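Right after this note come the structures.
Both of the next two complexes hold chain A, though its partner changes from chain B to chain C.
And then the complex of A and B:
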């Protein structure tokens, strides 16, 4: 019984994290049809910004609770800035190319950003444990859980709700959805698609960086974290169907629970399980769970 | 006007030059050249697929499979003969490629890329957790022999280099002919318009299946050569960054000609080695900028420079 509870909670915590990481990725794909490999680097940028901000904040000795706003804010701002630079500097020159080529373009951006991060923050590990330990721990049925993990769940739920409301309940969201459905018609109807792309990419980048910022207190921030994360996010969005935010939530839950199940019962298959689930879903539904198959164009 | 195909002649010339160069090359250059040839083999397979409009982000799967076959054959099965080992990895990759190919021939574009990537990450996940095979560290490959003759440890690199040159020559020759065969042209047509190919009575799935298996086999040979020359294998060979590197090289060289794969691979290794020596902290940045520049200014790769010159365009 206890094991089941642990698996469930671990799974949901991990799923929340996965969802936060992949929400921006799937949004950017939905609007721009770009599977952004550099999303992992944005995650790393967010993590580093947050970690160094936590360090500065706590050494200055301000009120500890204020640190959350500061380090998450720093991550979002850093992500938005990086997103702006990438879109204006690189992606704008490449629009209209093949989807697979766009993956490689963002792979190039990833390679560049990996070294930019090393140049700015060096190669030493950063620790930002204070926000993690500040909220304390909870004992539940004799098992101790870190409260920060529950904050992660809350963050995932709010991000999901905000995205849903933004897309479905606002004028801007409606314009965005029309771009997702048909780019050409949207242009013909007078929507400024170029600006939509820029705004979407900045939002997507900030989400990626926010994910990094939220994760920074829970682990040590070292070079290479972005490269590990991006492939997990790929698995999640491909399972749910590229471009679908709801799909990303379901994909994150599937991967999260399966992984927790594997970790607690048969740890040897941990990595295998994540990609196994991805391969299985793609075998049955080649375009992911929540995407309707489009007719072939002759 | 029909022009005589000069490629076989040029390939023969290249083989002679490469074999002769092997005698005078310093050790580091021999190593670099062998690794380039090995990676070039994988890229040849990738070019076969890319001409059909498919980009595999999981060729690392077969690269790794070839490498581990060498390691396991030498350390556990007692097979040390180079030719035997290579034959074995061809068989292994052929079987795995045929099984996965049956599934993958239904997929196109980004879904093909993602599913191939998933398969290679599965192998990575398995290898990382298998302690018997050294987990993330991998293991060293046993000393090899050639038809019963065991070369000294200094001589082994030149033997493998020469062997790699000959394998690359045969592969390039065969694949070049293949590109001019019906099957080769069917690939180009599938990229242009798959449905019209179906109307012509050709099954695109079958064409793609054979191309996938072919790509798998040459990638495994490339992995085997790498394992032989480096003397070590690790799960990193199946990681997605390795596969990404191959796609990078294919783009750098271009898909216009089979030789572009080897030229691209050699340039890639050279850029990486030089960039790493010059600035250890920014070598990835140099590679990334190179990639963006190639995509931006040479969408058909470096090979387009050669063809543009020959036809008097550009």
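And then the complex of A and C:
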């Protein structure tokens, strides 16, 4: 019984991380119909920014608890700035192109950003581990958990609720949903779709960078971390259905719990299990769990 | 007007022709003398190491830095004895550095470029075992002296024999056989172990070698759980829980670079390695920068007698002092292994030159390097396996301590090379399967 509960806890912690990583990706796709390959680079930018700022903060000898505001703030600001630059500098010149073209464009942005990251931060590892151990540990079910991991769950729930409330309970959210449902009608109704795109991309980029920032304390921040993450994020949003934030949450939960189950019971299949879940879902629902099949407009 | 213009045009053509002939002659003569100069006085050396990607920070860049330092010292003749003569066989090294990132297929292309377009005299390189496996057959095809300095898979010289290929660093078998011997030396009553290794050839081979050696040396040790997360996974929460639930006394890991550091950080936050002893066979690269996160008593390896385990010698003192002064951090094992490869090349080339009484041919250097015994900053290197093409060295393990804020090792034990390497002609797998016998190890 204890093992089952541990699997659930591990699964939920991992799912929380996956959800934070993939929420921005699915939001951008939902509104802009752009499968943003550069999302992983935004994650890396968030991680590097957070790690750099935490390093500076602790070397200056400030109060340790303030480091949380510093690394989260650094990640979000870096993500927002990067998002603004990408949208204004590249994407706005490409709107209206085929989705496949946009994938290639964002792949190009990913390659550029990977080199920019190396130019700014070099290839040495960065660490921001102080905030990870600052909140202590909890003994539960005979083993020890890091309290930071429970904070990650809280962060994922908060982000999910904020996105839900933002989309469903605000005027801006209604405008956004209008763009999601029909871009042309939205334009006809006077909605500034281009501004909506800009705001959405900045929010999506900030979420990607925030995920990197939240993960940085548990990682050695090294070149290439974003490339690894983007594959997992794609698996999650494909399971949930491209563009569905709720779908990303369910996809993350499915992947997280199945992976934890594999690690605890049959570790040899851990590598396969994420893609196994994705393949099974796509066999039953090719559009993903939370997207309804629609007829293509000609 | 036409008549007037004719002499003028003729003289212009003549002058142009003379100028072109002179220019051509000068260029050709400079080119010939230049290339003759290069052939006589310089030794073009391809250096391949990770300059980007996850392996660059912990391995590739320290190795490149070591190459920069040692090549400069070789060219100036400022290395300590026995390397205090200028150049390799009197020739100044002209390094050409290539990034190892991109995988085996890309590296084969880069290797061909080095040999066929840049006309290098030799290549030293390769950290990834996958890259080494891809390059090895091409080395024989192109016929240029090549030295692998770091990659660990023992299969290279166990499955094939080579003329042009050498490896001056020991294999990964040594890391894990020595780890098994060490843990039984400090805990003879060991009852259980678990493992967490990356899900690719290095991780799988390392765990198989460790497990096989441990069971050969002490049958009946229980294997509690064997975790194989994806390379570069980064998140090990579930694996840490599984290791904690299984309560093995010892946890073996061949994680390297960022993965090793991530596991240390996540394990530290949950007290994993405080409750269970961790063996990090590649842990030395992180022991200074993560000194306050590595648990006291953790067993840390350096993949040979390198870094903190390097025995004191004038060569080691020179290397540590100069590397630390120039790069602001002590050299870790990839730096040692690169320095060792360069010294092996110089040793063989100088020996061949002395025997021949002049500039040696490639075959002379190869003959000198086969079975050579030379000194590196990590001590004596014997090219004892693979018909004299594969190095063996003594191996060390110790337990990490950070008492007083000074990271270091305690309880250090040395394992002679023949106790942690198979005899020549026997594969590592067979040797471990047969109970680590057939060697002169006592």
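Annotations for the structure displayed:
The rule we apply is simple: the second predicted complex is superposed on the first by the 295 of 298 C-alpha atoms of A that agree within 3 Å, B and C clash if a C-alpha of one lies under 4 Å from a C-alpha of the other, contacts with A are read in each partner's own complex, and residues count from 1 in each chain.
Keep this in mind: a contact is a pair of C-beta atoms (placed from the backbone, for glycine too) under 8 Å apart; a residue touches a chain by one contact, two chains touch by 3 or more.
From a predicted model like this one, the values you see are computed outputs, not experimental measurements.
In the superposition on chain A, contact of A:192 is made with neither chain B nor chain C. In the superposition on chain A, A:275 makes contact with chain B only, while chain C stays out of contact range.
Applying the stated contact rule after C-alpha superposition, one finds that A:132 touches chain C and leaves chain B untouched.
In the superposition on chain A, contact of A:168 is made with neither chain B nor chain C. Looking at the shared chain after the overlay, A:108 reaches chain B, while chain C stays out of its contact range. In the superposition on chain A, A:158 makes contact with neither chain B nor chain C. In the overlay built on the shared chain, the residue A:11 is in contact with chain C alone; chain B does not reach it.
Shared contact residues of chain A with chain B and chain C: 118, 267-268, 270-271.
On the chain C side of its complex with chain A, the touching residues are 51-54, 56-58, 60-61, 199, 225-230, 232-235, 237-239, 241-242, 244-245, 257-259, 261-262, 265-266, 268-272, 286, 289-290, 293.
If you check the complex, the residues on chain A that touch chain B are 35, 90, 93-94, 97, 99-101, 103-105, 107-112, 114-116, 118-119, 227, 231, 234-235, 238, 242, 267-276, 278-279, 282-283, 286-287, 296, 298.
Chain A contributes residues 2-3, 6-7, 9-11, 13-14, 17, 118, 122-125, 127, 129, 132-133, 137, 142-146, 148-149, 215, 217-220, 222-225, 228-229, 259-260, 263-264, 267-268, 270-271 to its touches with chain C in the complex.
Across the complex, chain A is touched by residues 55, 57, 103, 106-107, 109-111, 113-115, 117-119, 121-122, 124-126, 128-130, 194-195, 240-241, 244, 247-248, 251, 281-285, 287-289, 291-292, 295-296 of chain B.
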